[in-house]
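After this come two complexes, each holding chain A, first together with chain B and then together with chain C.
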Partner chain A sequence: MTPSTLSPEVKPRRLAAQPDVQLIFWLGGMLMLVACFLPWALLRPNRLAAGVYQNLPVAWMVLGAVLALAVPLSARVLPRIMPLLGGTALALGFYLLGARMTAAMLDQPEIARASASSGLWVWLLGAGIAVYGAGQIGLPERFWSWLAWLWLPVLIVLALTGQLAAWSVLRELDAQQARFLQEVGQHLKLVLTGLGLAVLIGAPLAVWVSRRPRAAEAVLGFANGIQTIPSLALLGLLIAPLGALANALPFLRQLGVSGIGTAPALTALTLYALLPVLRNGLVALRGVSPGALDAARGMGMTDNQRFWRVQLPLALPVWLSGIRQAAVLLVGVASIAQLIGAGGLGYFIFSGLQTAASDLILLGAIPAALLAIGVDALLRGLEVLLTRQWGRA
Partner chain B sequence: MIELQHLEKKYVNETSGEIFYAVKDLSLVFPDGKITALLGPSGCGKTTTLRMINRLIEPTGGQILLDGQDIMAQRPEDLRRQIGYVIQQIGLFPHLSVVQNVATVPDLLGRPRAQTRERARELLELVGLEPGQFADKHPHELSGGQAQRVGVARALAADPPVLLMDEPFGALDPLARDKLQEAFLDIQRRLQKTIVLVTHDIDEALRLGDRVALLTGGELAQFGTPNDLVRHPESEFVRQFLGEDALLRQLAGLTAAQLAQPGDATGLPQISGTLNVRSALSVMLGQRSDALAVLDAHGQVQGVLTWQALEEAG
Partner chain C sequence: MTVARAAGTRRPASARLLALLWPALLLICLIPGVLSNLFAPLSAGIAPDTGGRPLWQLTLIHLQLVLGAELIVLLIGVPLAVFVTRPGRAALMRLTETITGLGQTVPTIAILALAVPTLGLGLPPTVLGLVLYGLVPVVSNGIAGLLAVDKGVLDAARGVGMTSRQRLMRVELPLSLPVLMAGIRTSTVYNVGTATIGAALGAGGLGSLIINGLSQQNTGLVLIGAVLAGLLALSLDALLELVAPGGR
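So, the complex of A and B:
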């Protein structure tokens, strides 16, 4: 095939020049293909008993295999439809999740559980990789790229119309709705408070040490040191000093400080977030063009004016990326806060682990993952907005 | 008028106790309304000298008078707001639009916003940037030459009598540099600012400077008009620094139009009036002709450039 036989908007040369993108589609496609022949549902008489695996009906198997093969094959000739293809595959995965669970639960008693099995997860992984690959092509047309998000409205509609209700994880959610909302709230509270405190402490500290190289080394060393302590150990280490502190100072105890619960969890989260906030703050503040700073001084800005009008605005986008890293990190670390009684989505994860109820684990883990992605996207959007407005070249 | 009196900047090495003079006993007068080039090899103290004038560096000895007033009598920020400042890295603020960049100093001085914006647009016009097209752009959308034009406009925004320029054309490619130098001279002819220009580029100093101060090792080697330095070097260093082709360099600072005289131009090779005289000389040698017809911008003959005129100039 010569380039001249292809229409120009197909951009074959661009794709041909990126064999790694082709590889992404092969990987995604092969995973999807394998997924078609794996079991998709596991039906158990109750949430703890052993169960029976169910495969996809043959018609869906064939359809899925065709779609799976279409991914790597059309990537070469029709790259422009790749976002649509990936989005459709992902949406199909969610639809099948609802449909297969509903089918499995047909004529089953209320306490039976239908959970998603390896086929579904592998399919979602493969389709997700295809969607990711579609984003890497660099299509010139916005519209076609947006089609990769097709899965999102489909998922929302499926969820809102109750199509997914038969899925075991949602059964668990249904049983513990109030608790779920409470723990999501607690999780958010831990993350936002920890992040807020880290910024409140870290930002002025970063500004202060950015002009003092020796202090900067010491402070970064301290923050680095904390980062090397495993999060579990840090929580444990805080029990004794905070407990002692609360015992020695009764007014602190009245404020809710104690060795276990929210206080040590928040302390640990704040300490963890401190490093990314500090390090990126330092890098950002020091990275501001020396020419701009010299010009600012030479034109008669005072030190304060120079900081607020030039250095800070120019450092902010880079700094925000550090805060974003910290936020994502905290969503993860907050999941183990339950170990010292601080609640959060870890509540479901650990009760699931204790009772070997995988649905319960997922009820904690999936929202935690979504929360991390959401926080990341939100702050990334803010970064892009600032960068675009301030046009850093 | 800026007057340096026995200006000195010394650094003491903390560990060895060694003393290093960046500038040593430098006395100089920068005449009003003229461009004075501070010329010299790197490390000669020219930038240090410039930065002491707006107190970005504090002298360790001597004093600097601005219109007879010791500059140490003012708050450094107030002093700097009365002195335009242009640097090699250009140093535009990337997060502000062109107009906001230009309006920086008037904003610092608390002048009414509408008035400063109006003035900024005038200045853009002055430096050869169409305000309608450039006012709302951001620095990353500009070429190097355009960015430095904005840099010059910004330095002029509060209408300071004095302009300090540290290698302002140093980061530009030769073509853009040439155009900008031309535009800069044109602006200076109109504004008559007192300008201190730091450069290591001999051609630039001879072309732009009304006076040239050649520094070496923190001390003044020679101060005078470009012609003085080229014709009457006071020391071996000056002659060597300017080089054996100093005369040619000086010719490069003149345009053919400047030396053209009335005369019969029939049959002579033709050159543009904006061509510099060194290039014109090269045309003469190449064409084996001792006279050239000089054309104006419309392609009309405006005079004749003769070998004799060159001899007198060189």
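So, the complex of A and C:
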């Protein structure tokens, strides 16, 4: 085990952002500029009716345009303030989401709905790109870089103080809070159980086949084939055999196995997650340098000790990246599990699609997207941590 | 991945023959009556109703959707990969990689569903989803392929007096083609699955059999759709592997 060296990278001071980074600020700034003149809110008399688009008030339009132009222009002269500028732009987008929706809902009956429109989404995209660009400048001072995260506390405060409550998606959430928590829980349960089963089956299998090239070929070929099959088709294919199994063996039905519901969904999720777990496991276990294993043997370690103390720790970071891919994949497949009656966030997406209620669709789609991004970021962080602790495999 | 590639290079002849297995199975299943009679016992004894359309027509719609979207993907993805890999655009390339990475992370159904409030139901959001999702492997493999071109080869090309345009067309693109083709293969196979889910938005194709079957609790219909969609994906994967050998 090598001790981690945490020496901060020394970067040269620059007076202006490099030309290629300036290109990013131009892209972000232009998107923000276009956004100012697009409609920001859509007001509908009820959750299903057609509605009227509302533009930003002129004062906000001018302020937004000034901020949009300031992004590429100040990147040239004052790169140090770029994180602050990007963070402010993003925070302003979230503030305006609340403020514009509240303004649209003023004097409207309770059943009216105000939803965010193209202007807001394009602004958030442009401001997000500006924040990304700020991270690319490589500022020497930590403090100025941290200002790019300004939007996060602003968003949290806005959400906690109920400033965003007028937004149609949160109205929808308000109406079905209990159901939402239940489906998020079910989604997490599906993903974690599927992932757990895939690791329980995949990890020993990967260790076993890593020493047998012929078996490795067959196992990988099978897992590859499974992943080629569309996820919805795989869910469909599992209905008949599991249904027949449940009919033939009543005790299985009592355990909850049937063609429809959680059992086929979990089977599909497990099969789907197997390939990344297996493939990265094999690559990781085989990637451990023979020198390290020889050294371990030289120290008098038994085969068992060599595996647990040398090969596995060295292989773990790479293996974990396979588990991360599997987890992200499962968040997606779990989103369509509702089609076979297994619930999850897909419940809102598909009931929204059936009733043409776009707020309901977003209530499922936005958390599903955020969940996938969050799971990815979390496991990436864990990988970095493990790699630092055990050195690169 | 390396294992699969090694297997492919060792037995090219048998692998080539095996590649025709899935398309052949797909064609057999498309003969009228084969699948519906096979799964009739699962549909209360009657041949499942496929909504008046023959199976080959639904498969063709599905294939059109996938290949049409793939064409748009190529028209956008390849120039984009070339644009961001030119000198002096390193930050733009990292941004593109970050965004395509995010695109791969967000669930397919979420991308499709997020487009519905703006584009309505049916074909437009599905095509948008197919293009966005299909772009990810094409762009990331395109960038990886172009970056992997040997700097020495590029210097040599410059040395013999090639313009930057000639270098791109005659050296960089041909050399990066295998990696790009692998991306196109991945993207096409992914999109068979995306188009299946697109049926939930009313895009038609084979997914509509699965979704109708599920809502009517007709297991036979579900299986017909699932078998055909699975075979279509495996067939395209196998056929494209003949053109683009190597792991996905």
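The definition used in the following text is that the second predicted complex is superposed on the first by the 371 of 393 C-alpha atoms of A that agree within 3 Å, B and C clash if a C-alpha of one lies under 4 Å from a C-alpha of the other, contacts with A are read in each partner's own complex, and residues count from 1 in each chain.
Note that in this section a residue touches a chain if its C-beta (ideal position, glycine included) is under 8 Å from a C-beta of that chain, and two chains touch if they have at least 3 such contacts.
Keep in mind that this is a model prediction, so the values were computed, not measured.
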Chain B and chain C placed together on chain A: clash or fit? fit
First (chain B), second (chain C), both or neither touched by A:122: neither
Chain B versus chain C as contact partner of A:363, first or second or both or neither: neither
First (chain B), second (chain C), both or neither touched by A:279: second
First (chain B), second (chain C), both or neither touched by A:300: first
Which of chain B and chain C A:104 touches, first, second, both or neither: neither
When both partners are placed on the shared chain, which of chain B and chain C touches more of chain A: C
First, second, both or neither for A:349, with chain B first and chain C second: second
Superposition-derived angle with apex at the Cα centre of chain A and sides reaching chain B and chain C, degrees in steps of 10: 90
Overlay on shared chain A, then closest C-alpha pair between chain B and chain C (Å): 17
Residues on chain A lying within both footprints (that of chain B and that of chain C): none
Sites on chain A touched by chain C in the complex: 18-21, 23-24, 27, 115, 118, 129, 132-133, 136, 213, 216-217, 220-221, 224-225, 228-237, 239-240, 243, 259-260, 279, 282-283, 328, 331-333, 335-336, 339-340, 346, 349-350, 352-353, 356, 358, 361-362, 364-366, 368-369, 372-373, 376
Chain C - residues contacting chain A, complex: 1-4, 7, 42, 88-92, 94-95, 98, 102, 104-111, 113-114, 116-118, 121, 189, 192-193, 196-197, 200-201, 206-207, 210-211, 213-214, 217, 219, 222-223, 225-227, 229-230, 233-234, 237, 248
Touching residues (chain side chain A, partner chain B) in the complex: 289-302, 305, 309-310, 313-314, 389-393
Chain B residues touching chain A - in the complex, by the definition given at the top: 54, 56, 76-81, 85, 87, 89-95, 104-105, 108, 138-141, 151, 154-155, 164
